[in-house]
Structure formats: structure tokens, C-alpha cells
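What follows is a pair of complexes built around chain A, which joins chain B in one and chain C in the other.
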Partner chain A sequence: MIRYISAIFIVLLMLLYGFCEDAKANAGDNPQGKKIYDSWCSQCHGFKGDGDSYTKDLSLPRPRDFSFGVFKFRSTPSGDPPTDADMTRVIRNGNPGTSMPPWVRFTDAEVKSIVTYVKLFAPDTFSMEAKPIAIGTPPKASADIIARGKELFKTAKCVECHGNAGRGNGEKGWQEKFKTDWGYPITPANYTQPWDLRNGSGIEDIYRTISVGIGGTPMTSYMDSLTDDKRWALAHYIKSLQLTRKPGVAVRVKKVEALPSSTDDPAWEKLEYLDLPMGGQLMFEPRNFTPVITNARVRGVYTDKEIAVMVEWSDKRPNKGGDNKPPDGVRIQLPSNDKEGSERPYFYMGSRKAPVELWQWQASDENGAMQLTAKGYDAVSPVGTRGLSAAGTYNDGLYRVIFKRAVSTGNEGDALFQAGRFAPFSVTLFDGQNGEEGNKGAISAWYFMMPEPPTPMRVYVFPPILSLCTLAAGIALHRRLRKKR
Partner chain B sequence: MKKLLLFTMMVAIFIPAMLFAEAKYEVIDVKNGGSIKGKIKASAPIKDPVTEINKDQNYCGNSQASRTYILSSDLGVKNVLVAVEDIEKGKAAPKTDLILDNKKCEFEPLVGVAYVGQKYIIKNSDPIFHNTSLGVMLGEGKRRTVYNLALPNKDQAIEKPVRIAGMQSVKCDAHAWMRAYVYASKSPYAVVTDDKGNFEIKDIPPGKYKVKIWHEGFGEITKEVEVKSGQAAELDHTFSKK
Partner chain C sequence: MMILGIYPALASIGLVITVFAVIWKSPFFNFVGILLFIYGLLKSVALIMPPLPGQVMVMYMAMSVFSLIVYFSIEDKTFKAFLEPMRAVIADDDKKVLRVILVFVALPLFAGYLTYTKVTPTYEPPVSGRIIHPEPPSQIEFKGNTMNVIGLENPLRKDAANLAKNIEDGKKIYYRNCFYCHGDDLDGRGHLAQAYNPVPLPFRGTDTIAQLPESFVFWRVAKGWRGLPAGAGPWNSAMPSFEDFLSEDEIWKVILFIYEATGNKPRA
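And now, the complex of A and B:
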């Protein structure tokens, strides 16, 4: 009996609690929207839509606080709420580079009910009419329009925040007060990495962003200050800065007569490269839930004696190790004691049984290299340079670091490079501005470098001989047929 | 049945909307109004801080007066906003627009009053890029952006309707030191003190009101004032720096 009464009492209490908690949002009479929201969205965005959830400190950017009433991604003029279509787009496509996934499991009606429900969290914002701007048809891309956009990029002062090469490294983006409405620091977008562009990377997306800005951020609206054709020209220029990401599993290391002399040697541009998607290190403390480096571009070249590997990545603000921030840096990880057929070590810092060697460069010492051995994340020790040299430069938001070593060191256990052999490697990158050092970095999986075997002589000999033989046989046949007639 | 459902839904949508909608302001003919006048002073002289400039120094110079504390010889404080906050009925707000100018790397005026239903005219008198971002101040470093507009060219002007009432901060993300404050009012009963710290608000329907006195550096205080027909209610305040 007592159990009965207490059960009823608890249920009543829960109902009452639920009523109080959700009174504000419940009023929408949208049980489907609320049900889906509470079960699928609230974990990050909070039951009250205020972004107060257990994931808030583990995601960068943080989950959107809907109750705040400011929405970043709109197709409406500055100061207006987003349209239902804008919100649907974010739900359906997700938000690249954030924790917001694309939601494909819901029907259109379900998405609509979510949108209706989310709008209830900010009734005053949505009391205003949401009318999208006209986007129209984009003009065709041409060298001329891109050149005009490049000029506008300077005169409209995009360059001051987004930097000369559009990597988000402009000096005004690093002022102390560069913050969002929510009070969080924000950095200007890096146009060269389209996969990071939250508001979309297509030509219309860029045009829309320039026109109406991004709500609650310093990204301002140019709709009233630049004419339509100027905004299209800018969009085309910005689009032209985007890198084409080249994913894969291996990169060919080309054999040459002499290694490129510096990081800006044009010879590098002609080489094949591989893009490594980077993610935060999440296995060991301190974990990096909020990495900012998302890509590493790797290419290599070798001679009879030496091998050079260049790692290239974007960093909006260089850190040399002052201001209580660690220096930026890079590590290439290679297996120690690598033999034909041996299994690759554990992908992060190896293990006691299968150690790895690390080639390290830090921005605090631009021309210095260091080698370390690791037998696990907690057993990393420096071993000197061991014949490794490195040189790094930072230019317009781009780091380029070259590591150089003898192809064959003669030391037992050193990473092995042989023509035609796939050498495993992975990369760790550190952004000092983001407080990254030690195990807190952006890491990649294992990939391979393959020193290209020199073209064998038979390639030059056999095909010509074969063609000559064919020719001779043809002529002989021809003659015989003629004689017969 | 369908109609009933629709009706319930409409009601359900409008009830929260009404709850969150701001207080209505009703325009009436004020014949027997009174006024509030007074002087805002500082308890002691205070030095106006100098703002260091770290961007675009070629044009903006290396420093400028912050204009936070502009005091007259008898310690009257300029740029104090005085606004009757809880007024629900009164005269119509004047049909004047607020010109907000980016001039010599600062906003002019520093403190201004805009009227809901009229316009902001946002100007750039400088040959350098400014962006003007208006936002409702929410405390704890948070604000809700109302407009964020780029003004890359000299003598550019953008007009935008004043829609959202309340205290707003104005900033230029390109120049961190630039700031201004705008009070968007539905009524005409909001003013900014003059060089001597004096102000006067006229034609207020008789009654008891809460009056907000706000200053960028000294902070904010709300005082209760009773306005009587045909009389001027005195409202003086002396701020002291904490």
C-alpha cells in the first residue's frame, strides 16, 4: 500500500516538475516536435533550448543556445530571424566541422515539427517576419571576375580579418574584443578549407554570407554597402581560394637529382601530395575535444642520399612559445624496427612492444629538429637529432615544415625508406593558441609514403624493340602478300 | 473540429508570444502633463581615461580621449541617459532619426536616443573601413545583435528601421576601442544630459514613474518620481565612482 502511494506521489512530483521545467516550451502544443527535440536534440542544446548541457564544454563551437534569439546562419537581412528553410538546412545538412550531424532519419514533417518547436525558445526573435534575400543566378566564373573580386577583397577590407590569402589570419581578427554575442572568442573563417565553412562553401553560400553576414559574430553584412555584382565577384574570388582536398592512403615520394632548397621552392608545387584529415587526440589525458587544425598536407621527395618530407597546415595565429602559450609544432610518427611484413605499431605513440620514432619541429626553434622515441603515450623521450634536420616557415597563415634525413641512417631500428616500399607514417600537429602540447594535439591515422622506384631500364628498351619487330613483321607480311599476287 | 484545433494552436502560439512581447505603449493627447528636470553630478572630479589605439594609427592617431567622464566645472556629467521606463501612455515619439556616425575612429554621438518606428542612419565619415554592430546589452558580456553592417567606403550611409526597444551597445569589430550606446525608446520620454549635466523631460502624463539614470562609467540607478500636472518634478542624482 505504502509503495503504491509513494509511486503515485513520485509520478505526480515528476509531472509537476516536468510541467514547471517545460512550461515555456510546452505551450506550443507541438507534442511531436517536443518529443523529437527532447530525445534527439536536448543532449546538446538543452531541454530548455539554452545550450546548457553536458556536452557544452566538449564541443567547439558550443551547441547553439536557441533561447538567446540569435541565429548565425540566415538567408535574411542582418537583424531578421532565420527562415524555416534556413533552420531546415542546418538540421538536414548538419554543420561541417562542428558536433552538429546531418539528420537524415527524420521525415520532412518531423523536421518541420522540430523547427516549429525550436522557434518557441525565442518567441520575440521569431515575432519578426523572416524574408530571405534574393540570390538569383550567379554569374559565370572567369579570370576577369576573380580579378575584380581580388581587388574588392582589399577595398572592402575582408583582408583585415581573413588575411591576405584568406586563411583567417588577419590582424583585426586577433583583437581582444573579437567575440560573439554569447561572449566567446571567435576567429575569422579560413576560406582555403571549404570543409570547415559552417555556412556552406558553394558560390551561393559565400554570396549569402557576404550579403547578410553571420548572426551574432563580427562577420558583418555587405548588402547595403556593396552592389550585387560586387558581392558576386567577391564570392568568386573567395571560392577560387578553396583547396581541393586529396584524400588517400599513400603518397608517392618522387626521386629527384637535388632536394628543393627551401619551403617556398616552386618544385614542391609540382609534387604529388596527400591530405590527412586531422582530429583531436581523445584516448589519453589531456584529451583534445576542441581541435582547430583539420588538415595536414604531406609531400616528399628523395635523392640517392637524402629524403625530405614537407608538412603543410593552416594556423590562424602563429605561436612561438611566448605569452603563456606553447609553441606551434609538428611531429611525424614512424615505426621503429620496421621490417618487411611487420605489423604497424599502435597508431598513437606505439607501445612497449612496438615503439615508434617521432620527428619533431617546434615554432620556438625554426631551424631545429628533434627526434623522440615513444613506447606509448606515457613513455616519450627525446633522443637528440640523430641526423634529422628541419626548417619551418610561417607565411600568411600557412606553416610549411621540411624534415630532412639520410635515406639510410645505418642505425639499427631507425625508420626505413626503400624504393618501392610503403613506409607507414602519421602526423600530429599542435596549435599553441589552442593550448596544444604533449598528448593534446590534432592527430592523424596511419598513412604511407612510398619512395618511387626509379624507372627501370627495360621500360626504355623493350617497347621500342617490340615496335620495331612489329614493323618488320608487318613489312615482311606485306611483301609476301604482294609476291603471291 | 478542424477550426477548433486551429484555434487552439493559434492561442497556444500567441500566448507565449504575448508573454514575451514588450510592454505596449499607447499614444494619447497629453494636455495637463508635468515634467521631470534635474542635474546629474559626480561626487568628485574624475579623470577621463585615454584610449590607446592599436590599429589604423595612420588615420586614427595613437590615442584619443575616451569621453567616458565629461564633467563641467560644477561636476555636472554629460552623456547620462535619463529615461522614464515604465510609461505606458503618453505623447507620440518624435519622428526624428538617429544619425550614428563613424567619425575620426569614434562613434558620434557616444550616447544617443532612437525612437522605435523611426530610423537609424548609420554613416561612415572616415576613409577607412568600419562596421557598425548594434546589440541589446544582456549583461555578463553577452549581447544580442540587432544589426551588423559593413561600411567600407567614406560617406556611406545605411538606413535601418528601429524595431527593438531598450539599451543597446554599438561597436565596430574592426576597431575594438570604438563604442557607443543607444537607447531605443517607444516614448519620447528619454533624454541625454547636456554639457552641464542638465536634463528636462516634458509633457509627461501625471503619475508615478520609475526613471532610469544610466552612465557608461558610473553605472545605473532607478529612481521613483511622481509627476504632477503643470509642475516640474526635481530629479537630481550624484554619482560616485566605486
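And now, the complex of A and C:
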């Protein structure tokens, strides 16, 4: 009898155990993780963690499908699952250049519960042990180590994908098979724009990325092919390519004797510039939710007669308008009839009441310029060159386009440039590879450019006079007081 | 922070000078010490709160100089002692080196520098004041129909049976239309937000939608930049007119969601 009872008891216990195991897989013991995930992660990663979500077709890159079991951002050898610390890092820091933001609002315990919950979507992957590689102390940056890294950048074939200048424009990046394991096209990283580096832009981040690669992408692990010190040298070189953005509201346009002759004239490098963060055009159809150009760098010079403005931006693949893709291009927008006290036109394409003029250049015609006027996004019409000229070049992933015009055209209503006056401007950029044309582009807010007046004479005259007067007064006082004493 | 750290040090030096000046009975160095102490103290304020504006600093310092001079000139004897170090530097034979350095070099250079900062033209881009919370109109045209904004209520709040579903619908609308700018976490830090000026508003926190009735939010969402009065700078705003993309029902749903997700309540 006892035997029967024990047998039944054991069976019951096993059933109960099995039930518990099941419940675990459904996050029964992690209600907090499920709650936060469903509220704050599911919108992009999907309730089932498969990336089938509200934003799947509106984010570039697409939100990660966890159920696939491959994880991009790891500190573990290729093929291994990420550590909890890796997943925490992604949640806390976000992935720059994507729609994954840094989640700073959650407590450490809450982030831990999210990590635990996400791991349930890929039980097979996480059944393996995650052993991170050792990231030692980075060697100090020096001209020497950077030079070594630069050499390795070529010999280790980084250039093939990331391009000569590290702008992600390498030939190999555009082959048909250059895709992720999820089957989506992917582009090599542009090292010059640290604000877009998904896996972080610090020296350790770069070292980690080189060492273990990025899971599910053509970026493989260089752990076995490059020694530790070579990977650090490479990391230092890559870090040295990063630009520092110069944000602001206005850029000064300097007066010179003669305008620079071409886009690669070293005179450009000495000029003050302004970096414009770019966003999608979201106000009118077709809206651009997934712009890929994130920065425009603007600078200018002028002479007595002419003004030249240069716009510079990164583009991983040039498009001249073939292969069913629109050409790359740029537009500078300036207010027409911009008089004292007049209403500022709408920052994108003006309005019926306040029109704008557009200076346009397209990669399909490298030395061609076009002017357009716009009275709103739906009322844009070309008006010929009207004295505007343009020249553009594409080198190592960088577009540089110069617009040139007379400082004063004499035409009523043309955009106005006067020394000391802040002229409003905004920029629209088009990446043909991303299908951008017309109203589907990357846009900026209004900024200003100010032709800087020559320094007035009084700056050189008055300070010395005042100095001499003070000196004279001092001497006089000294003489008088000394006599008195 | 590193630079701010020198101000408390400056104040301490001022205090030390003051103490020694009192011991050695030198009104002039007493004056210098107290001024240095006050300056260091006022600047140190920046360690715990926003720094004092330049004009306020000038005013405080001028007041300090004035009252200290009044204080030191009440008695003839003290005032004489106060002026003594200055007279000594200007006139005495044994102060020649100090005189050359201070009176004949430093002071003229300083005067020149001050003049230079005054006569050099500075160019500041135009700043236009902007009304952050513009008055809503009493009526709006919504997709060709006239709607009264005053007294407008969210009809979906009464539908308790479908509230959860409507909020989830609102969430979907939010993440397909709004999150690029207003943020994944509704904190105004969307991945495209920094391109636009003014920057998109956060909904989290107690100073935006928590201060507004839903009718106001409906007006802002429905009309966007186009509906802003001139004082609010419609020409800068990247807020779309969502009547172009969403139905009335959808706008009410997304409004339900932004309040629910941030834990805020609309103002009645």
C-alpha cells in the first residue's frame, strides 16, 4: 500500500515539477520583465520577440528579432550568446544611429528583469555558456600606434568594406550577398560619424567590435587573425577618424581676396564650419521616416563680387541616377524677398505667403546648378540657373558641393547677402540609394550664415590711444605725488 | 566643474588676506580681501545652481565697492591709511619695480584691453521670442468641418469597456507617427529629434501635457505647425498637421496613449 501511495506521490510531484518548468518558460517567475517588455520593448521588437511590430517597416535598421537567436552586440566569441552585461549595455546605452534609445529611466533590477525575459525568446542560444573575452587596458594613443593601425587597416582588408577613409563606402559593401543573417541588406559602418556607431564609439567599443565582430553580419571576428596589440592599433586608427560635430545656429562667412578654386582646395579647411544634424522630412507625404544622411557640414567665403557656399556630407554609395535609383543631390534653401521684419518662410519649402529659393545640385550633372522657387512643398518650380553655378565631387564616401553666386544679383526678390547680416538658410540632402527624391529627403532646421564684415579701423586705433592716455596719467600722477612727498 | 573649483579657493584667499589686513591694520588690503571674498563667493554659487548672470555680478560687485569705500572713508585717518599703499606705489622711490609693473604696464594694458572689448563689433544671430504655450483658438476647421475647441472632450474616455483596446491602438499610432521625434520613452528624445528646432516636446514629466486639457492637445496634434499663431513661430515647427494623416478617432486614441504611458492626467 505504502508503495502505491509513494508512486502516486512521486508522479504527482513530477507533474507539478513539469508544470513549474513550463511556467518558467512563460515568464511565470518574472512578471516584472514581461510587464516592462510588453510596455516598452514590444512596440519595436514585437510581443513575441520576433521583430514583428508596429515599427518594423518604419525603422532602419529594423528592430532586432530575438527569436532568431543571433545577437549583434556581444563581448563573447563568434557564435556564443551575449553576456547579461552585453545586453544591459545595449539597453542602457542604446544603439546610436538607430531607433534604440538609451533606457535610463529603469532601475538596475528592472533592466535585469528585461534581460532575463528577452533571453527566453531564444532558449537554445542562451543554453550555452557566455564567456566574454578579456578586454585589457587600452594602450595610449600616439602618432605611432595610429600609423600602425592605418597600415593594418589596408593589410587586414578593412578598406574593402569600410573604404579608404573609413566612411563605409568600400566596394565589397555593395555586393548582392552583403546581407545580414536575417536576410536584410546592410551597409558597412562609417567611422567618421561616431554618433551613428551602433556598437559604441569609445576605444574599448571599437576594440570589442574588431575582436568578436558583429553577430549575424559580414563584420566577422578578428580575434584569431590579428594579435591583441594589432587590434588595439587598429582601434586607435579608427578612433582617430571620428569627426567632432560643431553645432550652433550660425556660421560666419569670411571675406577673402579670391574664392577657392575647387572642392579640394586646402583653403576650405581653414574656414569656420557648422554641422547641421539632419532628420527626415516628416510633415508631408511621402514622409521620410528612415533618412540615412545624418549630418551636413556647411561653410562659405565671399569676395567683393561673389559668394561661395560648400556643403559636405557622407554617402556610402554614389548614385548618378541610373539603376532605377534617383540621383544624389543637395538643396540649399534661402528666403526670397527677405526684408527687415518680413515673415520667415516655413523651414521646409516656404509657404504661399513667404516663398523660398532653392539652390540645387544633382550628382547626375556634376557641374550643373539649378534654381527653383517654392511656395510650399506642393508648389516647387524650376526657374533656370539665374547666375548660380555649382560644382560637386565625390571622393572616398564624401560629397562636397560648392555653390557660387554673385553677392548681389540685382534681381528683386533674390536671396540677400550683406556683410554683417544673418541670412537664414536650411539644407535638404538626397540619398538616391535610399530612394530619396522630391519631398522625400533629409532636412535641416533654419540656420544662419553671416558674411563677416572686415574689421573696422577703430579696433586698431582706440585701444592703443586709451593705453597711452592711461600711461600718461600714471606718469603725471607719479610726478605730482613725488613732489608732494 | 574643474574651472568652477577655483572660485571657492579665490574666496578663501580673499578671507586670508582680510584676516592679515585686520591684524596689520591695512584698510587697503582689507578692502581688496573682502572684494575678492565676495567675488569668489558669488561665482561659487554656480556649483549648486545656475550661475549668476553677468549683469547681476556687475551690480553686486559695484554695490560692494561703493559700500566698502563709504565704510573706509568715514574717518579721515582710516581713509588716509586706505589710500596710502596706492600713493606709495605711485610715488615712493623704493617701489620703483612695482610701479613700473602695475602703473606703467599692467594698468595701460588693461585699459587698452577694456577698450578693445568695447569697440570690437560682435554679431549675434537674430533671436526671436517664442510663445511656448500659445492660446488655442475657440474653433478649428478639422478636415473641412468646424469644431469647437473650447469644451471639447475626449469621447473615448467614456467608453470604459474598450479603454484598454483604444490605448493599445493609440500606442500603435504613436509608434508609427510620433516616436521619431517625441521618443521611444515619450521623453522628447526621439532618434530624429535633434534635427528640428524647436526640439520636440517631452510628454513625460509634469510641465507639458499634464498642464493641458485634452482639447488643447487635440488642436496641437490635428493642426500642427500650420495652426500655430505667428507669435509661436509656425515657420520653424516640424510638428505635422496630423489631420493630413490621421482620423479624428485616431487622434483621440493617441492622446489616450500619451497620457496613459506617462502616468499623466489631462487638466480638466
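Quick note on the criterion: the second predicted complex is superposed on the first by the 442 of 485 C-alpha atoms of A that agree within 3 Å, B and C clash if a C-alpha of one lies under 4 Å from a C-alpha of the other, contacts with A are read in each partner's own complex, and residues count from 1 in each chain.
Here is the rule we use: contacts are C-beta pairs under 8 Å (C-beta built on N, C-alpha and C of every residue); 3 or more make two chains touch, one makes a residue touch a chain.
Note that the structure is a prediction, hence the values are computed from the model and not measured.
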| field | Superposition on chain A - do chain B and chain C clash or fit | value | fit
| request: Once the structures are superposed on A, label A:83 by its partner contacts, choosing first (chain B), second (chain C), both or neither. | output: neither
| For A:156, is the partner it touches chain B (first), chain C (second), both, or none of the two (neither)? | first
| field | chain B or chain C, by number of chain A residues touched | value | C
| message | Output check: A:240 vs chain B and chain C. Expected answer is one of first, second, both, neither. What do you get? | response | neither
| query | Is A:54 contacted by the first partner chain B, the second partner chain C, both or neither? | reply | second
| said: Contact-wise, after the overlay, does A:364 reach chain B, chain C, both or neither (first, second, both, neither)? | reply: neither
| said: A:395 in the overlay: touching chain B, chain C, both, or neither? Say first, second, both or neither. | reply: neither
| message | On the A-aligned overlay, A:187 touches which partner chain: chain B = first, chain C = second, or both, or neither? | response | neither
| message | I'd like to know which partner A:176 touches here: chain B for first, chain C for second, both or neither. | response | first
| request: If you've got the overlay open, could you tell me the nearest Cα approach between chain B and chain C in whole angstrom? | output: 26
| task | Name the residues of chain A shared by its contacts with chain B and its contacts with chain C. | result | none
| Of all residues in chain A, those that touch chain C in their complex | 39-40, 43-44, 53-55, 58, 97-101, 103, 105, 249-250, 252, 276-280, 282-285, 287, 289, 291, 343-348, 351, 354, 420, 422, 442-446, 448, 450, 452-453, 455-456, 458-459, 462-471, 474-475, 477-478, 481-482, 484-485
| Which of the residues in chain A end up touching chain B in this complex? | 24, 27-29, 68-70, 78-79, 120, 123-124, 127-128, 155-157, 160-161, 171-172, 175-179, 181-183, 213, 215-222, 224-226
| query | Any idea which chain C residues touch chain A in the complex? | reply | 87, 90-93, 99, 103-104, 107-109, 111-116, 119-121, 123, 125-126, 128, 171-172, 175-176, 179-181, 183-185, 187, 189-197, 224-225, 230, 233-236, 238, 240-241, 244-245, 261
| message | Taking the touch rule as given, give the residues of chain B at its contact with chain A in the complex, in rising order. | response | 8-9, 12-13, 15-17, 19-22, 54-55, 129, 131, 133, 135, 140-153, 156, 158, 160, 163, 171, 173-174, 176
